[in-house]
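The two complexes that follow have chain A in common; it is paired with chain B in the first and with chain C in the second.
Entry: the complex of A and B
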């Protein structure tokens, strides 16, 4: 019945093939469209990153090098003065970036490894495993996490390894909930059923079917979690159970120099000293959030154009 | 607002769209979707708008309301509705028209109702909101509309919530919502596509009656020709955003002018001679199954599948067709009974089956979209079963993938594409290739063509038949579409409420006499004859068979 030009061919069906672009090209196109806030965030984060990596080269003095005058005022020799033991505040700020950020990244990564894999597993399994894990997580979440981690740190002793593990486990509860929730939407898809019918192992389904499809919300969550972990570590250090001296860390730097604030009426600059590490924490948190916001907006599929 | 009952004379020009051009935004550029279409609609007239998916039917239908969905823009053309220029209106003015003089009935009623409000409140919301009628009067009218649409218990059904009524009832309630303000124009966007055939007949009849009764003009968008034949006075065929043909319905059905239209008409002619063999490959033996509760979804189901043939399982949704497939695949271990494969009992649960047992039974799904991981390329999708079952790798793997692509009439250029870069038919073909890659003996096809356009459906069915001949594959074909059954099957199993009503050779089942349910199912399949619905309703009116649908 049909003439030649109307004959049907499967390969000729209309489909929208996306243009093949290299990874760099795509990234650059996305970056160009990024808002100012995201750019600001990215610049700040890279600045911190460079500080952290090249700390020994950038810092004018050693991390715990002690000079004669404690509480020295701001000068050309010590830009931000010295602390209660006579250590250079600027140098400690730079080393602090390395320690605090490094530990925060490690902790967040560990908590995602634990919470993420258990969450996805619970979503696939949906039986006693899901029930058991979910209720356990509920119990952990019912206890205020700062107090709980304080308690655990005083039981197990506060060193860097314990700090990372304890905060990671406590934070993994939040990650677990998110991972489980977003995976549940993916698990019901026919392709997951198809993989199970094929006889694929749990690991394959988790890695190849689920993970790529839950990645965008998880990456965004990673940014946010990083901020919280960072703040928790700083709080714990401020309370004295976090990163232990003489390791430079922004939280404990605030605590150690806190009393300088009362000198405000005599020397404005000296009073600013404890605010510097606090400001560093705040700036990084804001910057990370800017980037995460942009990323979330981009992946959520909300379109601005009319 | 002028009185509308006064000027309701059929025949006046109501909607006049000229040289409409609409662009859609994707991949950073604007593409034309509608490329200069004219459309004229008179009062009391029903226009059928047909075409494949992507032809621009829905976009044009929405443009008739002066509306372009997000990501689309109307670039050129005039839209005159009852003398008013819709394109010149601002949003507030359009809002005044929408829901009062122009109404829209969406494809999925379930997704269009707010689950938190009662039906009747939603039905009268627009009418009351536009101030056309006070609340109590509108509700009284809505109850009358429910009665006119043959909803059960019309006085009280409005007090229910959307989840408390069936899909067909919800679709009728949505029509009542559209009619509540007595609009001049209703746009039906595939309103029966998601319904079972038995329900579809009732909804179609109700819609047609009510449109006739109030001299409402309607645009009926669908890809089902037989449906359009029942509803429309005039038919417009669209392809790639352009008009292919425009003619009164009867004339077009009898004598289509264009080759493309004829090819649409010709699709339903595919048929297969029935064959059978004595060698039973799979036997579902007296199976009872349920989903956790005490209510049995399947009861005493016994199905024999001969090797190398196609067994079609038909029935409306909820009849247990898909559950049977889940029992066979091991996803749902039955409470009672067993499944014999090549005369050996299969372990009932999926996790107890060996890799080789899994390989021999493959499955193809209804929605190819969700059956493929959106992050995997065609190479990953087809290659995985080859790696997994047959242990192929490297050059051997690539060669086999490209062979499989050839078998499904695609080529190597598809290898690196993602599912989102494939059309509906191509996606389903990739799913077929994935099943084929495992070198199976039995393939379970769960409504594999029901989401596709007619022409594409035919292509897929032909492909399945060819593959069957080449590799002696057995199909268990689950469907509710009788046309597909005629085209592909050797044997038919009719299911109703979890039981097998009838089973046997195709020709025996399809020729009378039938049990009641089979009769209802077969007679509900729309035919291309524009008088089919009318005569069906007349004959059912006499026998009262309508009540047997259990809806």
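Entry: the complex of A and C
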């Protein structure tokens, strides 16, 4: 670079007029324009995130620490009482955030890895691979996924690894459809053809040409799929075939404390205990839905309604 | 042959093919069972002879194709084999004996839900679309968006808390028996049906609203309005004929969704239906029962979707010429 002040520098000229905004600056400006619902969603999500990460520091007692009185009422010692074995409900709620959300995130990530890469590959290939995968996905989607996962769990047995793999594979079918559909529009572009003629590998084309262009719809879909996976895992755990005890998990907590609801006349607080984990699940799904709604509106203007 | 008949026949063929492949998948799941399965079903005390006999009865020594043909042949005649449970005590129960009365219960619950939910959702959806962006529309929309995000058991327990324990309007357990009278049955099934209604009305209403708004935005409706056709005539004469296809699709899609939702709700209310049976069978790993339930659910789901496809082809000739 020359420091001679005789030379004209366009960058210097422009920089004096308007400062280039940093990434943080732009994000902040976008955030300021976000509607209240999106703000609410983001605050709730970060709250859950903090709970999940710092669970051992925040929880007053251990995850499966057992106390003398089962079904203890709400008190200053046990804020939300204890469950059927005498474990502190508040601590289990906090640890449950870590387990339930962690497993759901891992499942969604795996299903995007499988479904996304196969979908993009099918869109590039468009021959036997595309045909074979698409027909296979059609058949898998013909079976309701809760029923299918119940059946597979009965065969392979219920543990966390099986649960993650089974739900990820079943959910990957939906991701595959979307990834294939959006990349079909990108694959026909000239620059993709150029890089293929240049002799770039399949992986390079997928990563550098297609992925950046399909990212916004895929990110939004990640949020929606997360909600769906999260609800499926919670339902399976509620049915007793998902995450197994003694791991603290919101779905199974609802089931374990469900009888308390019939004592509503005598102790309203105790009756609320099973509703706490269920409400935690509902609140997170609502929050994610709000954020996704705003994100979709912002990135593409596509919404499910006009 | 008439093009509509041909397309419908094609769809039917495709549906049957899907059913066939699904039945193969469900059947072949038995192949993946771990090797010591016979021992775990019969218990530790079983002699090697009984284990060998059990393996022979499952047909594990024969080729898979022969076994599939035998199994599907039985299924078509309503015979799903016999259940694993109670084997160790030497008592055998036919799967059909377990499913038969429960299937009727599940159909009763689903039917009752459909009778309440479909008209309610259609009315809400159509009126919300007509009075778009009004306060009414926004209120209905916000409510349904929230209920969509709730897990079924959350809705169910809130209803139990409010309607069964605080105000004892309905019973919280729906343990109907075969001898239960129709009026009692409806009374006992009220809460499960209400839960399912709340869950599917949200979906159905939003989809109906979107379909109608989409339709009302098309140029020919605007034309009809501009030439001075009255508001009700625009809806009845111009919009409705084209709206049937999306509406029937919405209904069939949600009834298919009901098939899945029924499982969780039956467990919450201890309702003796196929869903609860399936969950019990999954926990005890009673594979013949799981297979039978999975096949019943999957077949219902596929047939409902097939029905929706056919109705939309018949009512919308444009679908005959896919681009």
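Side notes on the structure shown:
Rule of thumb we're sticking to: the second predicted complex is superposed on the first by the 280 of 306 C-alpha atoms of A that agree within 3 Å, B and C clash if a C-alpha of one lies under 4 Å from a C-alpha of the other, contacts with A are read in each partner's own complex, and residues count from 1 in each chain.
One rule holds for everything that comes next: a residue touches a chain if its C-beta (ideal position, glycine included) is under 8 Å from a C-beta of that chain, and two chains touch if they have at least 3 such contacts.
Worth saying up front: this structure is predicted, and the values here are computed from it rather than measured.
Of the two partner chains, neither chain B nor chain C is touched by A:97.
Look at A:274: by the touch rule set out above, it reaches chain C but stays clear of chain B.
Within the superposed three-chain model, A:197 lies in touch with chain B and out of touch with chain C [touch as defined at top].
Once the two complexes are laid over each other on the shared chain, residue contacts for A:138 go to chain C alone; chain B is not touched. Once the two complexes are overlaid on the shared chain, A:254 sits against chain C while remaining clear of chain B. When the shared chain is aligned, chain C comes close enough to touch A:282, but chain B does not. In the superposition on chain A, A:156 contacts chain C only, with no contact to chain B. Of the two partner chains, chain C is the only one that A:231 touches; chain B does not reach it. Once the two structures are superposed, chain B and chain C can be ranked by residues of chain A touched, with C on top. Chain A uses residues 305-306 to touch chain B in one structure and chain C in the other.
The touching residues of chain C, when paired with chain A in their complex, are 18, 21-22, 25-26, 29-30, 32-33, 145-146, 148-154, 157-158, 160-161, 165-166, 172, 206, 209-210, 213-214, 217, 256, 259-260, 263-264, 267-268, 278-279, 281-283, 285-287, 290-291, 293-294, 297-298, 301-302, 305. Across the complex, chain A meets chain C through its residues 138-139, 142-148, 150-157, 227, 231, 234-235, 238-241, 254, 258, 261-265, 271, 274-275, 278-279, 281-282, 285-286, 289, 304-306. Chain B contributes residues 25-27, 54, 70-71, 73, 240, 259-260, 262-263, 265-266, 329-331, 350, 353, 355, 358, 362-363, 365, 367, 370-376, 384-385, 388-389, 408-411, 414, 417-418, 420-426, 429, 434, 438, 455-456, 458-459, 463 to its touches with chain A in the complex. Taken together, the chain A residues at the contact with chain B in this complex read 1-3, 5-6, 8-11, 13-19, 189-191, 193-194, 196-200, 208-209, 212-213, 303, 305-306.
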